[in-house]
Structure formats: structure tokens, C-alpha cells
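Chains: A, B, C, D and E, in written order; residue numbering restarts at 1 for each.
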Amino acid sequence: MSEGGAFSRPGARFDRILGAVVWLAAGGIAAVLIWITGDTLQRGLSEVDIAFLTTEPTDAGRRGGIVSVVVSTLMILAVTLTAAVPLALGTAVFLADVSARWSAAAAVVRWSLDVLAAVPSIVFGLFGNALFCVVLGLGYSILSGGLTLACMVLPVMIRTAEQALRSVPAELRMNAAALGLRRTARLWHIEFPAAVPGMAAGLVLGIGRALAETAALIFTAGYATRMPTSVMDSGRALSVHVYELAMNVPMGDRRAAATATILMILVLCITSAASSLLHRRRIFRRSEA
Amino acid sequence: MSEGGAFSRPGARFDRILGAVVWLAAGGIAAVLIWITGDTLQRGLSEVDIAFLTTEPTDAGRRGGIVSVVVSTLMILAVTLTAAVPLALGTAVFLADVSARWSAAAAVVRWSLDVLAAVPSIVFGLFGNALFCVVLGLGYSILSGGLTLACMVLPVMIRTAEQALRSVPAELRMNAAALGLRRTARLWHIEFPAAVPGMAAGLVLGIGRALAETAALIFTAGYATRMPTSVMDSGRALSVHVYELAMNVPMGDRRAAATATILMILVLCITSAASSLLHRRRIFRRSEA
Amino acid sequence: HQERTIAAAAGDAGSGTVRGELTITGSSTMAPLVAEIARRFMARHPAVRIDVQSGGSGKGIQDVRSGIADIGMSSRALQAVESDLEVFPVAVDGVALIVHRSNPVSELTPEQVVAIFTGKIRNWSAIGGPDQPISVVHKAEGRATLEVFLTHFQLRNPDVRPDVIVGDNEHAVRTVAGAPGAIGYVSIGTATADVQSGVPIRLLPLDGIPADCEAVAAGRFPMSRPLILVVRHDRRPLTDVFLRFCRSEQVDDIITAQYFVPAAR
Amino acid sequence: MIRTESLSVRYGSRTVVRDVSLRLRCGRITAIVGPSGCGKTSFLLALNRMIDLVPGAAVAGRVLFQDVDVFDRRNSIAELRRRVGMIFQKPVPFPLSIRANIQLGLKEHGVRNRRDREAMMEQVLRDVGLWDEVSDRLDCLATKLSGGQQQRLCLARALALDPDVLLLDEPCSALDPVAAACVEKLITELSRNRAIAIVTHNLAQARRIADDLAVFWVRDGSGTVIAQGTAEEIFSRPPCPTVSDYLSGRTG
Amino acid sequence: MIRTESLSVRYGSRTVVRDVSLRLRCGRITAIVGPSGCGKTSFLLALNRMIDLVPGAAVAGRVLFQDVDVFDRRNSIAELRRRVGMIFQKPVPFPLSIRANIQLGLKEHGVRNRRDREAMMEQVLRDVGLWDEVSDRLDCLATKLSGGQQQRLCLARALALDPDVLLLDEPCSALDPVAAACVEKLITELSRNRAIAIVTHNLAQARRIADDLAVFWVRDGSGTVIAQGTAEEIFSRPPCPTVSDYLSGRTG
């Protein structure tokens, strides 16, 4: 890439500029993260100890720990993924594959997704409250919260999965069809495995969105800090806890930072588990033997 | 696909099940949307008239219109995209292309993104407030708000762009390299055009996220409902207005629904403009003549 | 003696225990307080389950009316159209002016406050402070503290010339703490707590009365808002038991710990 | 076994194959020759309805497989394609292991027993002369094979399903003479109870293995058949000067 | 012009090309022949460092282009690749118009004038015999061309940059005899002031156009050169029985 050799050329300058820009951008992202986490860690880490991780909150969160909040968060996330992942895969297949002959239907679904992606969380909260808590009678519960979040994360999951499916080379699809594979088999053995990295990215983004959500959960999963015993219990998510401590509990901000620290660690664990699970090429192996 | 002909086979049943599942999923999404918009429209549409669209809010938003809020929203969005799009492209190139030899750096950036994706908006709000409003001295302003939102939408934009770049077939890259194209040219003429659909999806998702955000904006762009005259003015975004009307203004909920209606219409306009702009194959044309 | 009364009120005199479930929604300001009260109540009556949810005063009132919630929490007085509900004050929250800690101004007359908030005085030097422009931090319309403030100073909101508009109390505190020339008004409870934890703000006395919880408790502090529980007339007995608990001395320490002042009984 | 009746193929508004009526008979190898771009590939794609997957393509006329119209909507396309196997001009292995490439089709078409699949895989790999080269790395990615190896793998993948008709689009283009001879021998053997169509640019190869011959040519912008019959007949008595010039290597 | 000194290529731990020392001379066409999978493509990829882009590949030995080591880090890879042009075994046009496919490289390598580019494009398309077939649809997607058309387009795309060395990996595999003859003639003309290496499985073609010949063979699992010299010499007096058997079409 560098100049001075036998086949040097001035144009290489552009490549170096590109390189610099690209490194700067990446460095910028890392810097933003370091600011946010650094700040949070510095204020929060001193509060984190074993007791913090193993007891329930008391005194509006200023004392005690956050174990019930962590459990609620994980339960909400589980509900969200259970509902959203199959729905997202189905819709992505619809958009990428089936809908060629039904472009009007596809356009409607695509509009729906664009709008859903931009609906403010408060509107989702009121919607989830009306639909799940009241009409379906689930009340303030982890189930209501998880289902509401599922609606919120659908756009990002579907769009990424759709793109991943679309970017599978047409030649592969042709070759699979030429072997007489049915559409189901083609999807399962050829397109899904090839689309796994894109879908993993969508999954990670969706998990992130779900863990970050506050307003929609206040109205659906609720505010209770008890240890939940079933998905029908109300339960407070980590992000709601952070919000409450930072905004409504005087002197709550160290605890807010500590909770945010735990949330970040949890994110790292979950997303790396999710992507390593998908990347372990199990899906590739499946069709080998 | 159907049975009964000369080459029928029982396996076709799976394909029909798949088809049904896929249609159900797509129908589910459309139904959720119809519920949310139907509900919002029904309560809000009667409030929307010319005056609503052309005057500034008075009486806590219970009277007057939302024109200054719409303008602030558009300005915030413009700042966000101006900051986020180049940064996202740069980082995506870094992750997809440059980082092969720097996998440790890439891992750090990827972690940063996963964590950023899951940071609750309130934490972003406090961060943006500290960094942009206080440290950089921008105060409560559209600029602060836009930059904070840029940090929030980066993960989704970068991840989708990265996946789009990665899914460009290696053969194309090889062929471009074999013609002696520099990396910049390869990216510009071959990889970016091939990645446009994926990037468009990321852009639309990012716009959605930005328009939906509330908590982060309250602390950065602020609450002011004046018509902004520059990006240094404070300005209230539509989602913040919806939140305020729904949560803190007694009897504000019809107005909240009306504002949400406008927000949804705005989303549809912006996202369809954005994607038609990218899909008009201008980028393909560029290299033709 | 009191235990027996409660048991009787709950309609469960035979077993001597109170049982049932309560749902409480509403004001996010009150949610932490009521959640703590509910926790103590549940500790005394293990057969009772109380779910406290937040979501805003409006939501609380609406939920009580529609029967989704048994009790609503509101950090503002009810309006005339809401007179179908019954009100139980639990605590009082004073509202005080705050400035940055470095600001030497020790007290403002009502006239000065009005002049500052209507933009007639734009520099601290005009009222004996340093030569520094005044940044007026005002609450967003619809906030209870805003109503209290406007009513006390007999201001009309369109006349106020704010430099920054904020929402929650913490938001106002953060804004003032970040700008040495700022002035704002917040809940005394929040501000006191923040001062204790080292946030660089100072509460200004009003009409010569210091802005602290004692003054509010004694009913001397002129600017305050009630924190109330609202219920329907056709409520269940258990609701009454809990309301009575909320208004008893048994929760005074909780109210104080949340930096509010118990309501007069 | 399979025959077309005035088959035409259009891409958008361009008709690239016009009015082709051709018959692929069981037990015979039909060589399809003609200059580049004259519609040979498009013709083959129509025979097992792969053309359905090409955006913008449309077909007129009829294709009869065992006297049943393949475009009849009641037929299972998947089953048609299993029974009318095809290999493409550009070999594209699936980005899976070599083993998975071959066994995928087997599994989908009902060979449940793993041992059977392994045995069938070994058989077809031996048939195409690839077994010795890849038997020690069956679990490696098939996309890392060399060009000729990929071509033979794709052939083996199609053969594993034991189709009744085989459509081969230049199956030996990337093969050295020896590998090509091996494949030619295989094709001849397979043709005993099958109908085989082979597109080839190697006229010597056509002469060696073809029983029937169809010459495609571009007339008025569309490809069509200008000569068909037994190979012997056409090679020895070309029906027109164009054909005789082409077969003797004088024009395109 | 370009020569290798005991060049070896590894993929992971498998050495597929071992110790090849070969010289491509200016003004001469070197044909590279050998059975499928013996490392011909891998060898070519090393010459202009395309192998850098293959994950897991590693190279030992030296490649000297005009006596400069191409693996020297101070050299511009892009410039090396412009001057040592290559076409791949599988033609892959860019998913752009036919026009863009050819003009992209020209623009990037400094042909600023649009007219010049148009003229050069027409010239190379005529050279490869594609102009008549595509001149009316230069703005159509190149990926929709037929196999043989794509192959010629990729050749034209490489030629447009006027490289000093041309590495051709089976450039006629998808071409009918007439188009192949056209390309052969072109290659012969181009070779006057260039070094050209051509991988081919068509021994008749090698005999027709090659000045030099290198025979690759698999020995102990890795490909290596078992015979090199002028084509005449090797065809008339093969240095060993393996080579003579291969060249006469008896073994692989």
C-alpha cells in the first residue's frame, strides 16, 4: 500500500485517507463507549458487591440489592425473544421470499414496520397497557411487558433478517432449486445458514433495544420490585430501575450507576452468548452427517 | 406446488405449512400496526386540522398546534443523520474490511456497539447532558440532542451496514482487486452499491429510533416549544411532546394522539423518501458513463 | 386494639387477618414513597399483596375511575371535573427556589423573582450579585410544581421568559447545578436530598422562611403541593385499611426518609 | 422422455429462444451445440422450469415430460426437478462441506439411512473421478475446491438423486482431458436408461458421445434450432452450409 | 518479464504448489496444463498477489516482476495488479451495466476523458468479438449475459487496462469454437509485446498458440512443475512418460 517501491502510484493517498477516516470513526465509537461506561463505572462500581447482587431492593432502591430486578429483566427478555424471534423469522421470509408475487401485501407489512420502528415508547406503553394488561386481562405482568417489547423489537429483527436472506446469492437458491429441494428445505439448509451472521446482528440489536427500554415497561411489566414467581407477576426491569433511581428517588444516582453497570455487564454476557451460539456453526454441521 | 399432478409428492405439505406460518406472521405484524395506528388515529384525527399543523402550542399543548415541534424534530433528525451516517459508514468499513488484521480492535468496537445498543435512554440522556450540554458548552440545544441521538442510532446503523458490506460476494471483491482498483474505488464502485439495500434498511431503522426517542432528548434538546431559529436553540421533539401530553398534562391525551398521528405520517414520508432516494439506482448509474 | 379494628374493617374478623390484593398506580413522584409504605404494610399483613405501579398522576386518576386500580396517586390537587373521586392527602411537598451554590445572593423578594422570571432583570448584578447573566430554568407546562409556582407569584405562564425548560425535579436540579447563573424551583424534598449528597445547589428562603422540611411540616412554608391518594366511593374494605395505614404515624419515618413531609392529620 | 413443442423463451421483451421443438429420447445422448449467446442455456432452463426463478423470464409453448405438461400447475415442481436433473454452466457448490453438498439432496428426497447416504456419496464421487482427490477432506468447505473439482462435485450432486433426465450445461468445460474422458464415459453409461442433453462447445466431444445432435443458431435476433437429427447424419451430411461451416470450424 | 523462484503456496497446512520456478517471457505465450486440482490457479493467483485476498493462503519463495519482488511491502499492490492483469476461471461480471464493467477500471486508472473511454471500450469489445452481440444493450446488467458472453466481457475488462502481463485462467472454456478462435487470435496478437500465461485444458489449443509450455502435476500431494520448455520441444520430445502419456491423452 505504501509508496516508494517499483510500482508506486499517487492514488494510494486516497487509500490512506480512507484508512485514517475509518480508524477515526472506530476510535470515536470506542471513545463514546469509554466515556459512558467510565462515568457509570466510576460512580457505580463502589456500590456493587455480593449483597447488591443477591438481595432485593429496599428503601426505594437506595438500600438492598437488585436480584429480583435482574430476574425480572431476564424473564421479560425471555418472553420477548420467544414471541419475537419466530414472528420475525416468519415475516422476514415473507418479505424476502414469498412476497414477490404479493407486492401490495409486502408493501403494507413494510410500512407497518417503518411506522412501528418510529413509534415512541410511550405510545407502545399505552398500547401494551390497553391491549395486554386490560383487553387480554394479563394485568401488569412480565408477560404483558415481554409481549409489548416483542412488538418494539420486531422492526429491527425483521429488517435485518430480511436483508440477510436477500443477500444470499441467487445462484445458491437456483442450485438448491435445481436439486428439487422444496422451499422449506432450501430455507432451512441453504438460506438460513448463509443468513446466520446477519440474523445474529439483528438478534443482538433486538436484545439491546429490549434491555434499554423503559417507558413501555413502566406501563406493562410494571414497577414492583418483588421477586417474580411467574410470568404473570409484575416485575421491574433493570432499565426501569435505573430510571427510577436517577429521576424519582432522591440520592438514588449512585445506585442508578451501579444498576447501569450491572445492566452493561449483562448485555455483554447475553450478546456474546447469543452470537457465539449462532456462530458455532451448528447449523452448518446439521446438514453434514 | 399443489398435489394431484403427475409428479406429486407428499412433502409439499411442509411448504404449505411454511406458507401459512409466514402469512400468519406477516398478518400479525400488520394487525399490531393497525391496532396501534387505529387506536391513535381514532382518538387523534379529530384534533388534526390546518391550524394544528401551522401554529405553535399554547396552554401546555392543549391548545394551538405543533408546527414548532415538527420543525425542531426535523432539525434534530438532520443533525443526527449528519453526524451518524458518516461515522456509521466509516465504522462499518472498519469492521467489515479493515479490521481483519486488527481483530482485537474490532472486538473492542463490536463490544462497544453491543453495549451502546442496550444502554437505557435515560443514561444516554444524562451522558449527553454532561458531555454536550455542559462540557462542550452547547447547552440545551437541538445540536446537543441531535448528537446524543447520533450516539444512540450508531449501533443499528453500523451493524446493518457491516452486514450489508460483508454479504457482498467475495468474488466481486476479488474481481475488483484483480483490476487493480484501490480499496477506496472498490468500496465506492462495487461494495457500497451492492450494499445499498442493507444500508437503506439500517438508515430507516436508525431514523425510526431517532424519531421514537424521548428520555435522551428531554435532557439534551429540552422542552422549549418555541420555534427554533438555529441548532443552538432548545427545541421539543414530537416524541417528547407526545410524552408530555400523555404523562404530565392533565387532559392532554387527545392532543397526544393527534401528535402521534402526525409523527407516524412524518415517519412514513421520511422513510419512503430515504429509501426511494437510495433505490433510484443513482449510485449504479454513477459508474456507467 | 388497632389490629382488631383493621381485621374487622377487612371483613375477615373470624381469622383476624387481612387478605386480598391492591393495585395502586399514578404519580411517579409518589411511587417510591407508596411502594415503601406498601412494603411495610405487606410485612405486617402477609396475606395482602399490593402492586404499586407508576405512570403519572393522570394515569392514576384515570385508572381509578376505570376500576383498573384501587388507589391512584396524584402529586397535584384534583380538578373540578374530577370531583367524583375521594381524596386522601398523605404527604406535602414544598416548592422552593434554587440557585447554584456559588451564587452569593441569599434571598430574593417576590418582586425580584417576578422580575427575573418575566425577563425584566437579566443579570445578577442588578440585585447585588456578581456580574453574570441570569439563566431562568422553568418547568414544562402541565407540571404540578409549575402550577404551584405560578399561582404563588401570580404569574401567567406566557409572561415567563425561560432560558431553559425542564421536566422532572431531578432535571431542574441537574440543570441549575450545571450553570452558575441559573435559577429554578423544585421540590424541597428532592433539593434537600441533593444538597446532602453534595450537589452544588442552594435553596433560597421565601418570605424569610427557610426552605426546609420543618417549615413545610409546620405549615409555615408558603409554596407547597399536596401528595394525595384518590379512591372511588365504592371501594373495597381493604382499600380503607391501607388508606388508614398511609395516614397513620406508622409511616411517618418512611415519608421523612423519602424527603417529604407527612400531611396534617 | 421429454419433448418441447414450439418452445419460446423471453427475457423482458427480448425473445432469445424461438419455436424450438425438440425431443430428448430415453437411452440417447442429445448434444446441443451453437455459438455463444444463442439460447442453449435458456432452453435447458425451461425444460425443468428453472426459468421460473429467473426474474423477467417468460415461456411460451409446451414442455412435455413423459407426456405431461410440466407447466401444469398441479405438478410438484420439486419432484419435476428431482427427476429432471440439471447442472449449470458455472458450478456453484453450496457453502457447506463436501459431504453436505451431496447428502443434502439425498436426505431431502427420502434416503433416511445414514449408511446408505454415505455409500451413495462415495459411489457418485467415484463415478465422477473425485473420490481420490477429496476422500480425505469430506468435511472441508466445498467452495474451496478447484474449478474442475467444483464442476465434478456439482455433477456428482445431481447424479446422486438418480434423475430420469439429465441436462448438462458444459459439464467438461473446466476439466482436463483425462477427467473429461472419465466424465464422458460416465455419461455414456448413464444414458443407457436415461435421456441426456449435453450442451458442449467441444465438437470433438459431441462427435464422440452424442447420439442425436441439435444445432442452435441466432436468426433475427433469437436463437432457434437450425438442424436436428442423429449425430452421425448431421456430421456426415450437414443440412445447410451454415451448419457444415460451423461443424467444420469455419464460422460462428 | 515475470518469474518465480521456488514458489510454494499453502492453504492452511496443505501445500498445494511446491517449489515452482518458472519464467514468463515478454513476447511469448506460456501455456500451463495439468490435471484438475494440481495448483494451476493457485500458482497464477500468487503472481499478482491476488492470493493475499484468499483467507488462509500463504506463499513462500519469490515472485519477481521486472526484477522487483512483488511481495516487497513498498510496492503498490493496485499498480502491480493493473500491470499484471488476470482473468479468473469463473467469469464474474460486476452487477453493473456492461459499460460500467469496462469503464470502471479505465476511470480508476486515469482515463479522464469520456470519449476516450467509450472508444477504448468499443475497441476491446470488438477485440473479444462481443461488440456485435451487446452493442445495442450496453446499459443492461452484465450479469444477465450468457456464460460465454460473460467470459469474453471479463477478458475485455482486463484488456482495457493494457496490462504488461496477462494471466488467463481458461479463457475459452465457455466459448464455442469460432469465438475461441477469435480469442486465440487476439491472444497471439497481444503477446507481441507482452508476457502471457494461459491455463488451458484444451491441449490442441496449447499446441496451436503456446510458445512455452509448463506441465503441472501432483507429486506427494502438492502440485509442481514436471516439465517446462518451449512447446515444440515438449510436444515433440516429452521429457518423461507421465508427460507424454498426458499430452497424448492417455492418463491424468
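Annotations
One rule holds in what follows: contacts are C-beta pairs under 8 Å (C-beta built on N, C-alpha and C of every residue); 3 or more make two chains touch, one makes a residue touch a chain.
What you see is a predicted model, and the numbers here were worked out from it, not measured in a lab.
Relative to chain E, the most remote chain by averaged C-alpha coordinates is C.
Here chain D and chain E face each other with the same set of residues for the most part; over half of the interface numbers are shared between them. Measuring from the averaged C-alpha position of chain B to that of chain D gives a distance of 48 Å.
Each chain gets one centre point, the mean of its Cα atoms, and the points for chain D and chain E are 27 Å apart.
Here the CA centre of chain C is 81 Å from the CA centre of chain D. Multi-chain contact residues of chain E (touching two or more other chains): 78-80, 83, 90, 108. Multi-chain contact residues of chain A (touching two or more other chains) are listed as 11-12, 15, 169, 182, 185, 246-247. The residues of chain C that reach two or more other chains are 55, 59, 171, listed in rising order. Interface of chain B with chain E (complex): residues 169-182, 185, 189-190, 193-194, 284, 287-289. Chain C meets chain A in the complex at residues 23, 28-29, 31-33, 35-36, 39, 51-55, 59, 68, 168, 170-171, 189-190, 192-194, 196-197, 257-259. Listing the residues of chain D that touch chain A in their complex gives 48, 50, 53, 77-83, 85-88, 90, 92, 94-97, 99-100, 103-105, 107-109, 114, 139, 154, 157-158, 161.
Interface of chain A with chain B (complex): residues 11-12, 14-15, 17-19, 21-26, 28-30, 32-33, 35-37, 39-40, 86-91, 93-95, 97-99, 105-106, 108-109, 111-124, 126-127, 130-131, 151, 154-156, 158-160, 162-164, 166-167, 169, 182-185, 187, 197-198, 201-202, 204-205, 207-209, 211-215, 238-239, 242-243, 246-247, 260, 263-264, 267-268, 271-272.
Chain D meets chain E in the complex at residues 11, 33-37, 41, 89-91, 129, 133, 144-149, 152, 169-170, 173-182, 201-203, 246, 249, 251-252.
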